[in-house]
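Going in written order, the chains are labelled A, B, C, D and E, and every chain counts its residues from 1.
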Amino acid sequence: MFANLDQIFVLLKQWAVGWLPASWQAAAGVLLCVVAIICVFPGLFAITVLLERKGLGRMQNRYGPNRVGIFGILQPVADGIKSLTKEDLVPLSADAVVHFIAPVFLVVVVFMGYAVLPMGRNMTLVHLDAALLFYFAIGASTELSVFMAGWSSRNKYSLLGAMRAVAQMISYEVPLLMSSVAVVMITGSLSLDKIVAAQNQYTWGLPHWYIFTPWGFAGFAMFAIAATAETNRSPFDLPEGESELVAGYFTEYSGFKFAEFFLGEYVGMLSISGLGTTLFLGGWSSPLAVLGWVPSWFWFFAKIMLSMCVYIWMRGTLPRLRQDQLMNFAWKFVLPLTLLNLFVTALWRFMGDGWERWLVCSAILVLAYVVMGRTGMHRDHLGARRYRYAD
Amino acid sequence: MGFVFYVIVALTLAGALAAVLLKNTVHCALALTVAFAGLALQFLELDAQFAGFAQILVYVGAVAILVVFAILLTRGSETPKDGVFSRTWLAGLAIAAAVFAVLGWAVLGSAQALPGPGGARTAPPTVTVLQIGNALMSRYVLPLEIVALLLTAALIGAVMVAMHEKAGTQ
Amino acid sequence: MTESELMDATKPEGWNRPPAVKLDGEGEVLEISMGPHHPSTHGVFRMDLKLDGERVIGLKPEFGYLHRNHEKIAEGISYLACMPYTDRLDYICSLTNNWAYALAVEKLAGLAVPERAEYLRVILGELTRVQNHLGAIGFLIQDMGASGTPLMYAFREREKILDRFEELTGSRMMCNYMRFGGCRVDATPAWLDGVRNVVAGLPAFVDEFEALLRTNEILMARTQGTGILRPELAINAGVTGPMLRASGVNYDIRKVDHYGIYDRFKFRVPLGDHWDVYDRFMVRLLEARESIKILEQALKDIPGGPVMDPKAKIRGFRPKAGEAYGRIEAPKGELGFYLISDGGPNPYRYRVRPPSLINLTVLEDMALGQNVADVVLILGSVDIVLGEVDR
Amino acid sequence: MLGEGILKGLAETARNFVGSYFSAERLTTVQYPEQRIAPIEATRDFPFLVYDGADWEAGLRCVACQICEKECPPKCIYIEKSTGKKPDALGKPQFYPARFDIDISVCMSCQICVEVCPFEAIKMDTEFELSTTDRFGGLLYDRKELAKSNEHYHKIHPTEAAAVDAHLAGEKAKADAKTKAAAAAATAKAAASAAPPAGGGA
Amino acid sequence: MTPLTAYLLVAALLFAIGLAGALTRRNAILVLIGIEMMLNAANLNLIAFWRYGPHPEALTGMMFAIFSIAVAAAEAAVGLGLVISIHRHAHTTDVDLMNRMKG
């Protein structure tokens, strides 16, 4: 029963495909999966947007949307209809073709990343041996779309936003890759299926997720920072820079094209959360061995929605950084730490089992973090201040 | 050797031609990206997964962006007024045509001598990333190290060349 | 010592504003027009920015989009009818505007203010200061991209203060409460109890606000060392208010002029030592704390009695010919009204010294050499209200 | 330590997030059309003209003295004095406004007209839902639209209205006393003037 | 025409296009684009030879292509750095105008 529930989507697909002639089955299966992905993740996007607006509202002591439907659950529908019916403006001097291609390209590229994510037991669309490489190759292409959008709008704000976005995404791609390499070093494979399988083991009922190791924790933290920057989310949302660049690279987009950018951003967030989940949080494996009966896809989606909540929480709290600080943070703090983390990972690998490696690895990482944080703050003369008073 | 091949080839060549012929520099760079992506697809079609993904990662993700950045930094996106092509464009074109003629003649002429049993494709070799990694670390370790050195040197060199000379300009 | 030597010796740095950044000719200068339709120019305010990359090398503020001819209108209407117009100067703090104008007219006409009215003025003025400072901090952090969370918290408290204003004066923002020789209506004991309740809740709120912001690393990184205003320049440019005190100059008109009954209260003046945006932000926060202290004292000691000078006339008010300048420490700085009377029912000449406008004049000096993202921050730290800048 | 302040901030927003579900102090939003803030007595929005009795035209307290028109800061009041006079509440013949228009779209709710009115004739309303589809005419109120009964005034500003009524009653009593005295004097005088001849006649 | 020949012809065509671009365009960045294209044509050759060669499991051609990609990336970085540097000195990216040896 539970096994069937776990495999329900796989079985459904087989059942649906079974009606077709044998030669079509493989292609139809893939097509079905693609359609499923294209339906599910925009649905999650709608839920996330609603969750974000409600969550931000509550953090700011407001209700958030609560007028459309009960508790406002139809708000995304209303938003969608609104953006579809809005006029699609293209600035007179814009490069119309590139202006049109940019959002389409973004959405296409972002969806391609899902091809390799294992969303449950036996629920990977394409079993690639170099899945991680594929993911990063695809992820790197989103920058181009951002650039196209910013450049083709012929707006100075857009161009500034696009330049910022591209510089930021290139900078943070390096730590993103580097922190993932640690996982590859331990697993010995670029295949995401194998990475999940390696984490789907239990000792005393507790999972072998990589986040529960010193290097994995550090790697996850770095990955999370880099992923936030990659998706242009607060506190790294300066390409959009609401308060200075108005909306950055998509200032000149309206109506459906704007919705596409919005969709691309959120689907990208979901996708990179999925990657982080797969790499560090055990993918679809359950957090406790006794919960193994719960369907694996439930855990995957629960984990990515949880990380979306963290995104929202951060957005509700943190102001944004400045461009140079962002770059300094990437190159002077995150990148050295990820490199150190690679070293620590190697140490972990070769120190063998035992408590010593826990101690040594944690000590190195904590020490490095504290020292680098202190020197960084000290270098920029940052810190809480005391104030004098005159009577 | 089917439909897919022709589509990919058309995409690649169209991208390449556009990259060479278009007036607007940024359009050229974007067309170049298309050509690179087409090449990556050809690599995938040739069962060279790793090389294909590396191609996308390096060319689409990095080199194209670099080119675009360079264009913007040099204000090259403004179309020049006095002609797009070099004064010696005719000679250039002639040379290129000649080179293509020679290469094509050579390829067609040596078709019989080329490997491949009767032109049919052999069974796709199963190349895992593990094999590539092992090869890189054993047989190709020296080239790997040299490439690493080269990349480091190029990194430093590029930074040095493009760096703002702050002290000097005042 | 010759005169020129004396000049050199006493000439403070920043006297004649050396260009902080020289255009080195090799970078491309990007000129962007920020505003008047821009989310963080706090109204219809425009800046012509010259950027080298993202560094500001020139900034030309353009005001006047909200010019309403206030001073000329005032010459055509009676003294009393000017009062509601002063509400609209700095529409966040209408009560302090009322106070400054009433003070000027009282000087002109030689009216005395009953003690209870003085206390009421202090209470209302300090409540205004608290809500203005909290709102200003909220807007400042909003400009930094914190999704408005601190702003919402500030507005939540401001709401309580505005409710008290409405109970007493009949209006939330356009209070039009003070009159020449007192206040329009008397406060009931119930109102005073309500204010006591609000004031009792304020310290806890300020603590919460500080916990959210004061040690936030991103905020420190953004604001510390940004937008430095040297004290010499601040004095020379006529900057007043929290901006001046954040530049380390001890100048508070409540202490200097002893207007009203401020001599009776114990409070301190916080001063900044680093002269940057963080200091301006903290000085406002600390000033809000001091204001709460004043409020507590005033609410304890408020006496009974009338609230209007019996000699004051509502209809047919004609002060004798003469001139007067009344100024107070408004939340944004020195707010002064200069009046000339020719004995008629209208002011012969009416002139406002608006703190926002004069504090804004140093914007370029603070912004030169900074990042474009910092410009909005620096503008936010000046705390302008366009109604007052353009009048 | 780097990150400490960020964590503190995150804790703060989390507390507010949870708090907004439990504490009414935090979640202060009023769901406007369904919920309303309890009316505050001192609230003022736009002026109206008070009338006594049942007939608005006869009962208007306004005597078209035009002080408010003169004092109004944005000059949104327009008054035309009547040619004839009619008796007011005190029985004294007074002018009345043949036309009394207020352009609500210009009015800035400053209450100066109320303060300067010597006849307690113009007061501030609390009605604020005044949206109209007619941009110009819809917000230009004439005296019929402006006239509201004294009961309405009592309903929206009870304390103030009671004071005004007491004041007016005092004036009326004074005036009545005065007229009575005058009448008495007149009758006395009449009696006196009538008496001597009568007396003389007697 | 064997498939290999087809790939080789495509590569030759790509090479010729790249060469033409490098020789005819005036913008230094576009010249660089042409050079990149020629390098890519060579990569295509390498992969095709690897795939149709007798010993694909030896990975030689693929390795060569991967190294070539890495070298091309380095070349692009340095080349573009040079272009930017020249632009800073000479205020032009026109190769026809870059005719001075001194900056």
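Operating definition for what follows: contacts are C-beta pairs under 8 Å (C-beta built on N, C-alpha and C of every residue); 3 or more make two chains touch, one makes a residue touch a chain.
Just so it is clear, the model here is predicted, and its values are computed rather than measured.
K.L.:
So if I look at the partners of subunit A and the partners of subunit E, which chains show up in both lists?
P.N.:
B
K.L.:
A-B versus A-D: which interface comes out with more C-beta contact pairs?
P.N.:
A-B
K.L.:
Please indicate which chain is farthest from subunit B, where distance is taken between mean Cα coordinates of the chains.
P.N.:
Farthest chain from subunit B, going by C-alpha centroids: D.
K.L.:
Which chain is most central here if centres come from C-alpha coordinates alone?
P.N.:
A
K.L.:
For subunit A, which other chain has the most distant CA centre?
P.N.:
Chain centre farthest from subunit A's centre: D.
K.L.:
Measuring centre to centre with CA averages, how many angstrom lie between subunit A and subunit D?
P.N.:
61
K.L.:
Centroid from C-alpha atoms only, then distance subunit A to subunit B, rounded to Å. What do you get?
P.N.:
Subunit A and subunit B have C-alpha centres separated by 30 Å.
K.L.:
How big is the gap, in whole Å, between where the Cα atoms of subunit B centre and where those of subunit E centre?
P.N.:
Averaging C-alpha atoms per chain gives centres 5 Å apart.
K.L.:
Counting only residues that touch at least two other chains, what does the list for subunit C look like?
P.N.:
In subunit C, residues 26, 149, 153, 156, 212, 214-220 touch at least two other chains, as defined above.
K.L.:
Which residues belonging to subunit E are in contact with no fewer than two other chains?
P.N.:
Within subunit E, no residue contacts more than one other chain.
K.L.:
Can you list the subunit A residues in contact with two or more other chains?
P.N.:
As it turns out, subunit A has residues touching two or more other chains at 59-62, 316-318, 377.
K.L.:
Contact residues on subunit E for subunit B in the complex?
P.N.:
1-10, 12-27, 29-30, 32-34, 36-37, 40, 43-44, 47-54, 56-57, 59, 62-63, 65-67, 69-78, 80-85, 87, 93-96
K.L.:
Provide the residue numbers of subunit B that touch subunit E in the complex, in ascending order.
P.N.:
1, 5, 9, 12-13, 16-17, 19-20, 25, 28-29, 32, 35-36, 39, 42-43, 46-48, 50-51, 54-55, 58-59, 62-63, 66-67, 69-71, 73-74, 76, 80, 83-89, 91-93, 95-97, 99-100, 103-104, 107-108, 111, 114-116, 118-122, 125, 127, 131-132, 135-136, 140, 143-144, 147, 150-151, 153-155, 157-159, 161-162
K.L.:
List the residues on subunit A that touch subunit D in their complex, please.
P.N.:
55, 58-63, 313-314, 316-318, 369-370, 372-374, 376-377
K.L.:
Can you check the complex and tell me which residues of subunit D touch subunit C?
P.N.:
Spelled out, the residues of subunit D in touch with subunit C are 2-6, 8-9, 12-13, 16, 26, 28, 40-44, 67, 70-73, 108-112, 115-116, 118, 124.
K.L.:
Taking the touch rule as given, give the residues of subunit A at its contact with subunit B in the complex, in rising order.
P.N.:
Answer in residue numbers: 95, 98, 128-130, 133-134, 136-141, 143-144, 147-148, 151, 159, 163, 166, 170, 173, 188-191.
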